Amino acid sequence: MADRRKLKRGKLALVLLVFQLLFLILFGVFVDYNEHSDGTAEQNNKDVANGGDDPTNNQLGYYYAMFQDVHVMIFIGFGFLMTFLKKYGFGSVGFNFLIAAFVIQWATLMQGFFHIEHGKISVGITTLLTSDFASAAVLISFGAVLGKLSHVQYILMAFLEIIFFAINEYVGIYHFQVADVGGSMFVHTFGAYFGLAVARVLFKKPMAGSSKEGSNYTTDLFSMIGTIFLWMFWPSFNSALAPGDDQHRAVINTYFALAACCVTTFAISSAVSKDGKIDMVHIQNSTLAGGVAVGTCANMMIHPWGAMLIGIVAGTLSVIGFKWITPMMLSKLNIHDTCGVNNLHGMPGVLAGIAGAIAAAVAEVSNYGNGLYEVFPARAPAANTTAYVETVAEFAIEAGPGRSAAMQAGFQMVALVVTMAIAIVTGMVTGLLLKIPFLGQLTSDEYFDDTNYWEIAEEEEDEKYVNVTVDDVINENNPEKKVDDESRM
Amino acid sequence: MADRRKLKRGKLALVLLVFQLLFLILFGVFVDYNEHSDGTAEQNNKDVANGGDDPTNNQLGYYYAMFQDVHVMIFIGFGFLMTFLKKYGFGSVGFNFLIAAFVIQWATLMQGFFHIEHGKISVGITTLLTSDFASAAVLISFGAVLGKLSHVQYILMAFLEIIFFAINEYVGIYHFQVADVGGSMFVHTFGAYFGLAVARVLFKKPMAGSSKEGSNYTTDLFSMIGTIFLWMFWPSFNSALAPGDDQHRAVINTYFALAACCVTTFAISSAVSKDGKIDMVHIQNSTLAGGVAVGTCANMMIHPWGAMLIGIVAGTLSVIGFKWITPMMLSKLNIHDTCGVNNLHGMPGVLAGIAGAIAAAVAEVSNYGNGLYEVFPARAPAANTTAYVETVAEFAIEAGPGRSAAMQAGFQMVALVVTMAIAIVTGMVTGLLLKIPFLGQLTSDEYFDDTNYWEIAEEEEDEKYVNVTVDDVINENNPEKKVDDESRM
Amino acid sequence: MADRRKLKRGKLALVLLVFQLLFLILFGVFVDYNEHSDGTAEQNNKDVANGGDDPTNNQLGYYYAMFQDVHVMIFIGFGFLMTFLKKYGFGSVGFNFLIAAFVIQWATLMQGFFHIEHGKISVGITTLLTSDFASAAVLISFGAVLGKLSHVQYILMAFLEIIFFAINEYVGIYHFQVADVGGSMFVHTFGAYFGLAVARVLFKKPMAGSSKEGSNYTTDLFSMIGTIFLWMFWPSFNSALAPGDDQHRAVINTYFALAACCVTTFAISSAVSKDGKIDMVHIQNSTLAGGVAVGTCANMMIHPWGAMLIGIVAGTLSVIGFKWITPMMLSKLNIHDTCGVNNLHGMPGVLAGIAGAIAAAVAEVSNYGNGLYEVFPARAPAANTTAYVETVAEFAIEAGPGRSAAMQAGFQMVALVVTMAIAIVTGMVTGLLLKIPFLGQLTSDEYFDDTNYWEIAEEEEDEKYVNVTVDDVINENNPEKKVDDESRM
């Protein structure tokens, strides 16, 4: 036993340090400041002459407040949302922290390799933002397998997922040239189906462990911290990278989609639960589905009522998912989805893709102005066409392939389908790789239990003090009657 | 029993869905993007030509960071502040979430109807802000009746309150032309007295329920999350809609008022509590009274010492309120104020109105410059007077009715009194309407108890595990001795 | 007993009110709005003419979002980080709140006295920021003595510390002209060694109290709220006062230093803990050491890999500190460091000072451009030298003493050593003054216990209900067997 433990000890440290040193070396070779953060850049030299503090001169001011909102969503939002598990709170917020800190380094490199120039990856506030977005995809997958993998498996999953994520995102944005301002396809849909595919491959019948798969009153309140920070800052997530009025619109649309989704979730939760009571699981998760579902078309001219309609459908779909689809996936498909990511990210992500395609199909200059070419660059007329020369050249708009609305809508759907396909296939491959014995495998009765990987503070006296059970007391009074207390923390 | 439950189930879903669909239709008919978020607006078309990302061109950049601070106050601040109740944490943070999401849609419409143009309500970041402010008023009222109403009653209260709130605000700002930058009169005072009036009308002698009306060690810590987020972001609440130096001043004044109020609250709490100990109720609430009390005059030239003085008085008043006035209101006036909103929003709101009137009475061009007409538009000279032509016309300042300082102060006091009168009368009417049997009424022993409306996660084994009581154990060992455990969660 | 209690009651109120009234008077005499917040300032008068809401005209817009991030770090970050103590959560978050609210007033005065002009201290958003930074120093010291001082002792410590803090900061920034953008020397190192010196002088052998010096599952989760808000917003702390590209660089460097530090902390924690398990104490604290360690050179051209290297070293050092240095300091040096501030702020602060000196030693115009004189004003050539006239005069850069890189590095090291010396000496003096009997002294078995100073909500029935212990039950069933339950809350 002692040997196995020593091995285990070496393992996490070894894996993390190897990766961390690898990142250090790759950063040393490839990564440097962009022109807004490099002291020798021409503009920055001029800034000094002006006293250096003109907020309109540096890109940071435009993005920073929203970046921090997104940062809070990643580390507090996702982290605390998952603390609902009554014996896996350390793992939820702790491994969320580790995975995200790991991924923001790795994603800077992987996303950067697709934009490398002169052998250098330039970083700045916009790459910090896209690194945070990438970590969201992994944290969504983490939600599907929460409590069921070893720490080393989580790390390897994160490492592999980012590779596939970056490829899919690159294909979608640069080859298909689709709009997905809030990443509902490339982040949410991808993360959800990747995670579910991993969960499917690693499926084990949960047995003794299942009694730990639940929340208690206190952990449900901790989880609400995550929910509400996610809910509040989702407008920033969906609009952070958009410019000007597109950004403004994305904020408004996300705000109303979420408001309508929240109200709808309470209604449907009450309608489907026994006794008309409200289920905390729905409130913690389905209230957010509107933010996912509006994410692809948030910067489009869908009007506030369109956003609300999307929110209403998403909330309804998500509660139905928790009530009937999640149990069915478990019993029929052997897919165990710890956090219900299919209901919060998967189905609402697909809804987002469809809504985005519909909105794209009706987008014209008449309702977007020149903003059409900002939202859909591929709609811009080709350079030497009459349409370009006579209508948009004077606005210095970049020429594009001149897609029709219908073609753009088609590409949006293609990107959705390709994203799901890549997510499922690469997720299954990843699941198989995670079966390598070195990585450690939990038995199903070790699931959802912090004691596997965390020093638990209180022991002895204090443990009894807080967690005394009726059985304990009876045993104390009747020493001959013993019960197994393995399952208690 | 089963029938009653089914009815209950249908009821929340029915009420919420009817309202949500009504909002959807009204948004479809009336609401659209403002000129900063509509792609076809002229400026936005120009933006695209410039690359579209000039942060100074779009209104969003100016307001967004403060908007998100206010958003956090509404959903985390108010929501967690109320989780102190040891068995009503789900209801506190959950119904807070529902009510706020409901109100931000309804207030967009109600406040919008007063500014409708060409049959359209234009929304943008400033209307999101005012919708959030409106929800604060309802959440304050919610604090007065926390734990004592059914979910359907909360919703109907919110629906009615916003109508009266919007009318009172419109009268105050557009007819009386008073200054109330942080909404201390129109939001805090209104919300508090409306809620107390509802509480008065619905008063029932609390009996068995009263043992649940308290906090425990853990819920007091959750509540502090709310307190501290409210405290930190209050400068944003009081300054979000102010321009330039007025905004800067509002931040400074609120910061110092709150700091002085916090220190004073600790002092007075210790002075009035037995054994010199500090009472968490005071720290959770009275530390915030300075933010309310400085809210009307935060953008005025009250100087940092003036702000601190207001904070000191507010903290003192608030602790005294909790210690002596709240118990007296219960015993003499049959007003039960669950969260003590009279001490955090009511009396400090009245103090704010008075402080605002005093500050208005001494405001002159000599100490405000032209900013006088920004803070008090009604002070601007009438269009064809010498004062206008010779002194302010060159600055393109809009002409006003040319009020004197004393007249402005008088109007400030009138607005305060009218606000209180409207709040109390419409609150009482609302309370009477909430007695409609369809809405469901809690008996006083159902008060402050999440089990009425929420699925409580842990049951069976785990419930015992965490909440084992001495009585349970005794009963277990002595099966003949039974106790009623209805009241335990 | 009753008399002692009455005395105690009077004491906190007396001390706080005397200080608060003193602050009020000093603010009345000395403090007023700066030119960005005073209505009569020329620019603000012009603003009104322009509609008053040009966001580029007022300094507030540039600093406010980052200011609020720092504000969250001070009140939520530090406050909740310390709630890990299972019976001192009220004291952690509550006294943190009191001390910070006290200090931001006092630091406004003390820091202001060094920049007084025409008898006036001008306040604005930048002074609010520096006041918040000052409170961080005191809260770090508070971490060293957490749970071991009376409330009155905390207040007096804060009062005295700010005097020494302001002097040391003034000497370092204005006399030594060193760079310390994130305050790692002047805030973190100072605060840590000041606090440890106080702890040394007031050292008592902890005995009965020691069983309360630990966390439980719930309080460890509360503590993670603090950790993660500190971690997320640290880029704002390290960059808030920097201009343009320096600020952008400080954000990037801090982001990557923290990410690398977090991953490293998990690795080393697992490597040094028994069974390879991860220790929550390390995750709560050591993950943040990278933010401290990069704080002095965050705005320098250290490149992302340099920032990551600093983060890796800091995380390693910090975990080693918790594992071996903190126990050794207790057993060999009689220094008891409740929160391990030596590992989070002390040693990483020293590392920051050294890293800053190294970075300063290699800083030249070739890698900074004119930004060199922004980061290191003392490097600017003297006014009448050829270097000034021919190379930098045209950029309107202020002349300086023309230090070489090596000289600047030397001054950086001098500032570090002087900071540590002043912190230790003034900390010991403060510790001696805190022994004045009037201030109240806790015996070591009163340590880490909220019941000394806080009304604890639940008593009687409910206390038993939640905290029932095996002993309680046995006693209940066997009334003759009694145990002392004094130590239970």
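Going in written order, the chains are labelled A, B and C, and every chain counts its residues from 1.
Criterion: a residue touches a chain if its C-beta (ideal position, glycine included) is under 8 Å from a C-beta of that chain, and two chains touch if they have at least 3 such contacts.
Everything quoted here is computed from the prediction, not taken from an experiment.
J.: Once the Cα atoms of chain A and chain C are superposed, what angle does the rotation have, between 0 and 180 degrees and to the nearest 5?
T.: An angle of 120 degrees brings one copy onto the other.
J.: Over half shared or under half: which fits the residue numbers at the contact of copies chain A and chain B, same or different?
T.: Answer different: the two copies use largely distinct residue numbers here.
J.: Any idea how many Å lie between the Cα centroids of chain A and chain B?
T.: Measuring from centre to centre gives 32 Å for this pair.
J.: What residues in chain C touch two or more of the other chains?
T.: As it turns out, chain C has residues touching two or more other chains at 56, 61, 65, 218, 225, 468, 473, 477.
J.: Which of the residues in chain B end up touching chain A in this complex?
T.: 5-13, 16-17, 19-20, 23-24, 27-28, 31-33, 36-41, 43-45, 47-49, 51-61, 64-65, 68, 71-72, 75-76, 79-80, 83, 89-90, 93-94, 97-98, 101-102, 104-105, 123-125, 128, 151, 218, 222, 225, 453-458, 461-462, 464-466, 468, 472-473, 476-477, 489
J.: Within the complex, which stretch of chain B touches chain C?
T.: Within the complex, chain B touches chain C at residues 56, 61-62, 65-66, 69, 86, 211, 214-218, 220-221, 224-225, 228-229, 231-233, 236, 243-249, 251-252, 255-256, 258-260, 262-264, 266-268, 270-271, 273-280, 283, 287, 301, 303-305, 308-309, 312, 366-375, 394-397, 467-470, 473-474, 477, 488.
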